[in-house]
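In the two complexes below, chain A is the common chain; its partner is chain B in one and chain C in the other.
Entry: the complex of A and B
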């Protein structure tokens, strides 16, 4: 019966797919290709309402096979892609984009550009929301390629100007690239999403032409619009922009403060801490201590000598001045039950000493102040340091012994 | 493309996975298969063809219960009434007849019913109906309705476990690497024993073919081991072991040869679904139970409840499965259910939390997609996580939550319940192994990036040998033993562990796989440094089914092949020895067949009786004529045989005499 026939057809289709998969995962491209040619038959009766239909499967698997098959050429690959574009109208733009990426990976930038322009002019029926978004993406990538040409021209011009003559044709070409790139890049970054590459390029363009207000607006929008996902890079770009513009410390600090709130473990927290430590305002220095303590909570910073030296410097400063010991107490209170095991164990003392003497010096200073002179970490490191006759470790021992009262006060 | 140009090239050293340990003595009892609990009948199959959904064989299971546990089913009433049930074959004598039921007749009726199962013109035997009507309410020790409810619940549970058993999530195999790279002796932690309730710490020497050294440290636990998790903190390994109602933690000092010490055990009221060991602080673990509770468990400070919520986080899902893992911040834990992941701060769990992953639009999930296994990838990058679903693999970065930095559709046939990370050196790709349970699939992925460059897969994913794959290379056995062997080797996988081994310029990867039967198999992959873009497909020939390079004469091949074959031979010998022992569990001490069935019942029919022959003839005739048989009685209606008159021993009383005469039709 037809029902049975359908059932058997589906079964053999599934079996075929699993053979292909098997071959793919064992890198047997030839075998996979042979099975795929059989699988193409399933297109004939595509009744499936599954999430991924046969035509999409053929596209994805076929791409994969052609990418790896020893006897395939770029020409064949392009031919296959063209066929896939006509196979499913809904997928046209997706296939185009994927094709372009492959071309770019092979260094065929001009062909990629042509493909993108072609896709831009493609129209089919009424545009759906998804198609609209994909179209924006296509345009954005075309804009990115324009930006690429623009920066190439720019470099040529810069070289020429060094040599002392200017080239009007090149300059004009460059400007036209700029216009094309700017228009399409501007469009995509209006849609909520993560557009790091596009934003960076767009801002670079604007800055080159001196449109700093627009650049600032774009970056602010990208960082602060609540419709966009909370993206730490957005704040990093804003901070870097402000720094380039030579903005005041205050605005730099406020940009980094937000980054600190989102990602306390960010690399820029070292800069942030140094900036805050230098500040004359008490509140800022207080924030600085909080920032460096928070960064060192994270496993990624555990063995970072720079971060530890930041903390050691600030703690030392506070101890010497004997003002604001309560800051340390406050920070230490939420950490004293786990920092000793996390940072200041005897095992770590041994290992830090062996691997990085200056890290162990900074850590020993902090440990000595926070946990007293009897703490395992401090004892081991200062003992080893004195044994090795290193002057700075002897000084360290003296310093901690002199200020042992601090430990009693904060604990 | 989603891929970077090239990944590292790993090639399997052998044609199949090789057993690492000898099979344990004693027969393994396979867990129930679909045919054990499904209703089997041609009629049912037809009915089911249209509809999806399985029919559970409820009646058979209830019957098994009565036979296996007669004491629990009807102990006291059975003892009270045993005089009133007669199990013999002969006719009952007069005075006993009024108060005794002849069970043989009932059994015959039941058999007849069984034989006619599926017949559309099925009539219940009235005697059976009468019997069940009479004693349904009082015969059973446990009220029948209650018992049936419990059994039904259990059957449903078993069935859903068969479809997808999430109690194994995480896997019950852990590898404790050697402390310093120099000594090639690591330790494998795995469960074993008939009920998988023994925990073994086995020293393993990493050679060309890894081998066990010495006898393992062994602990007997009070439940089946579901998960073994391990992490190294400050040079010591902490091993967490989860069974349904107990979780325990062991400490293993780094020096080789030092004995593992049990530290603490906790008991839970509801089965635990997750146990992970902190990679940051010694003696810290996280535990989740199926009631939706997440605990931070510290050996020193005890348990701290972080969350209690029987509901799922982002949308409603019925699964009680929960998972939790550690993050880059030692006080922040991730907790997961089927709908997504959240991170919460142990210092203020109610206030400080953020969503890390949500099944939905941000991650481009499919309909019906659910979280299967989350894992912290801290050893590769401090802020990365792996989340697997039944369709895809995601890599997430906690600094940019909700938007996956990498997504790949893995196309595995069963959801990946096990994952293992082998971090690469800076700038190199990280290796991730994914393993499924039921289908034993093993997949090797490579990815790189995260800090300086974007995250992407490196090279193509690769399939590794499964335990069952070695079957085609083994010599053919006797049919029944072949069946046993197949059953054993294709048992669902229960764990996964791996290690990288660097020996000068040679780099290799050792992958260990544990099956539910307690077998540990291992395979070596060798790293190929220089690579032509597409090497001639030599591997296509060697791995084609049918050929078995494993057992070919090792004349031209390096010693590895011979050693592998030897290992196999030894394993097979031990396996067949273990199977030859009489399976004791099939004997039942309390039931003797002799009393329930007469010798005649047990004898096969010698040949068709005359009545049967006659019936057969009539059937043939009816079929020839295309007619139908209305009555089964022989054509010439014989008067029903008269009950045999009892010859009274002594002188009959007058009433009896009259009745006897009346019976004989003599008025």
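Entry: the complex of A and C
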């Protein structure tokens, strides 16, 4: 503040820090560097009572500046990171990990690997135990890079086998990478957490070497163990695996069920609905309807013709069979207040017609059934479609006219 | 050195000097009765001699350090500060006579030297002095303190050893660790009794000496020069000689991590003047720089206000009697008179004058300005009339720029210096490592800074804002006329503005709540706030201090009316 004439070290550094933060927010790297130069002498003061001390601040801010500054090189960056590693032993592994991430972003995989190996061998009295979690991460990422190397070797091997060569050396290397990767990856996914990339890679390894049981177990654990945080991707991975394995529809459906609960708007909901619609079990078909309605609650699906076609198909089928209209009633009940404005406005009718005739067709069918032939959307689209002399629209018009009473029964 | 007699015992000419100031023969350790002439004026006025203690005090420290007392350290600080002031143009008398005499007086009064027995220290056995097996390596430069103490005492060996005795007492206990001999003792002393010396107090000493000599530097200027680095303060210990090792508790005494505050230095100075039993200071007459008439002129110029306002400031000064010699001159120990802050007072007067002429109620001054603007458009005869609005715009712009610069400078300030400090030898290596890392990082990010950090401090200047009449853009208001706000009544020029609002109806008791009035920005007009802000920037003090002076001046000015409680057109605000 301009009237703060009582200035001391601490206040001066606080002010300095706020200037740095402003500069960072405005991406003024030179200015940020200028003020950081003045800030670094904070290291010589004792801030042990504070939550975030100057050494951590300098590490984080310095990293940002060096990463973005045009005149900064990777060499300087690395040098800085090494200094930061010596600055706070309690943060050692964290700094190592961040450094590795930056190296990876810069495409320096080998350097990243070296750093990870170095970090893995670090021991520092009781700190080693305290930083156990970070150490596990270090091992996991090292394992991930091993997987990456394995993958490269695998591709080389495949190429060579196509060409008719057999390369023992490559094969052996590949296996050794596999072993290293597998051990580390297996370790980390034991701990509850979100480990998507590790799980994927580990499963990939297991599948390649034919250990499907282990793979299935890993994926089940990851998806269903309540200790792990709820993670939609876990279910997606499981589903994809089961699909690859050619599992029955029943197990596929059960894999997707939880996904529907967690993320009703997920892209797999289309597949899910398709499977459910075809099921012989009534309950499953009922669920299918629920699934597709739920997906279309979300703006992301508004313009998706495939999604609408799923709904249209199912609605049409129900209307024709004259059975289970109450299903539609149930689903429509909570939506009749807002779906018309959300999906079936006149504006959308025009736009959909202009941009995507198939979309407008499917939507018109649904609108016609749910809101009757006099609703804005259906009227406009069917009129346009008939005007354009498109056969299916004429068919649509007839269909809706025939079943016009339905909307009265379901509303 | 000048002693060339042959030794009575061994006929050698090889003399050294004991602690007691006596010559002794180095060959046979025969102590003579001859003492060295100590009191010669050259030596005293040249008393900025390095005071490295010597003699039979245990000099054998492993790190090559010597024993030194805290007051020796302060003496060095004062020396440096005096030299810097001399370099700024202060007369050499300040350094050679005034400051040094004040310091000696202080040492005497606080019983740290120049007296028979420094308080708090016991007398140990004579053995310490007699075991002069440690030969003086450099008898030419005996401890100043010892020698000067000699002039007071009778040269009694016993007394003179009293300094040495405290050595073993203090340095033995490891819990009170300090590089200086009496660092721990120093901090433990009861402050109230002896006015313990602190770093801010060095500036009080300087200011006191400057005031005594009536040098043209105000306290706010002095403090500004300190912050700008022209006068050593922060990290001044790096100029201590190598042998004076600073560590442990010394750090708490000599290392400051905040800038001195005006009030603190000011109040301490007055305490000091009383403590030293100083007589009435030299008169501040109307030809002195510190006289309100002079300072007002300076500040008016710096604030880019018309010179004509000076007549008004002089009138106010005269009316309320604050230009009187007795009011302005410092009489130490006199508790009844309010201590005069010359710079703040002058600023306060200007603010009062502005209120008199422009009212500053966020309305009237703009109205007057419009009239002046009209007039200036229509005719430029006799020079332009002063337009408050234009002045405000010009000054605000400059002020904002300078304030921004100042804020950034404060944020970029470097507090540490090359000389590393450590509390104990144990954390020395850690401190050095940290220092090295800081230097590395400074170098690395300094390169990425783009602009070269200016290595030289700007030249010290008395004026922070300057306005040139030569600028054709009309941004200098010194020559502008006040005709637009004045009118003639009975041959006298008075303000057109008939009103005045008092900052406060009742003054607080300064002794109880520290202020005469309490300034809260939101309760006062923006224009008033702006003007306070301007002087607050120039003097580097809180606006509330200027507000206090304004209140004080107003109450003197309207004293009669306040007493009579007449219905004047006052807008009452608290």
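FYI, the second predicted complex is superposed on the first by the 392 of 411 C-alpha atoms of A that agree within 3 Å, B and C clash if a C-alpha of one lies under 4 Å from a C-alpha of the other, contacts with A are read in each partner's own complex, and residues count from 1 in each chain.
FYI, contacts are C-beta pairs under 8 Å (C-beta built on N, C-alpha and C of every residue); 3 or more make two chains touch, one makes a residue touch a chain.
Bear in mind that the values here come from a model prediction, so they are computed numbers and not experimental data.
Which term applies to chain B and chain C once both are placed on chain A by superposition, clash or fit?
clash
Figure out whether A:35 sits in contact with chain B (first) or chain C (second), or with both, or with neither.
After superposition on chain A, A:35 lies in contact with chain C alone.
I'd like to know which partner A:8 touches here: chain B for first, chain C for second, both or neither.
second
According to the stated criteria, A:101 is in contact with first (chain B), second (chain C), both, or neither; which is it?
In the superposition, A:101 contacts chain B only.
Between chain B (first) and chain C (second), which, if any, makes contact with A:83: first, second, both or neither?
second
On the A-aligned overlay, A:27 touches which partner chain: chain B = first, chain C = second, or both, or neither?
After superposition on chain A, A:27 lies in contact with chain B alone.
On the A-aligned overlay, A:263 touches which partner chain: chain B = first, chain C = second, or both, or neither?
In the superposition, A:263 contacts chain B only.
Go through the superposed model and pick first if A:345 touches only chain B, second if only chain C, both, or neither.
A:345 sits against chain B, while chain C stays out of touch.
Examine A:16 and indicate which partner it touches, taking first as chain B and second as chain C; both and neither are also allowed.
second
Considering only the touch criterion stated at the top, classify A:58 as touching first (chain B), second (chain C), both, or neither.
Touch status of A:58: second partner only.
Run through 201-209, 597-605 or 651-659 for chain B and report the one that clashes with chain C in the overlay.
Stretch clashing with the third chain: 597-605.
I'd like to check the shared interface: which positions of chain A are touched by both chain B and chain C across the two complexes?
Common to the two interfaces on chain A: residues 18, 29-31, 69.
Spell out the part of chain B that touches chain A in their complex, as residue ranges.
Result: residues 1, 5, 234-235, 279-282, 301, 328-331, 347, 362, 366-367, 378, 382-383, 399-403, 411, 413, 443, 460-463, 533-534, 537, 539-540, 543 of chain B touch chain A.
If you look only at chain A, which of its residues touch chain B in the complex?
Within the complex, chain A contacts chain B at residues 18, 21-22, 24-31, 51, 64, 67-70, 98, 101-102, 105, 194, 229-233, 262-263, 265-266, 297-300, 334, 337-338, 341-342, 345, 347-348.
Which of the residues in chain A come into contact with chain C in the complex?
Per the touch definition, chain A meets chain C at residues 2-3, 5-10, 12, 15-16, 18-19, 29-31, 33-38, 40-41, 43-44, 58, 62, 65-66, 69, 71-72, 76, 79-80, 83, 86-87.
In the complex formed with chain A, which residues of chain C make contact?
Per the touch definition, chain C meets chain A at residues 257-259, 261-262, 403, 406-408, 410-416, 431, 434-435, 437-438, 440-442, 444-451, 453, 533, 536-537, 540-543.
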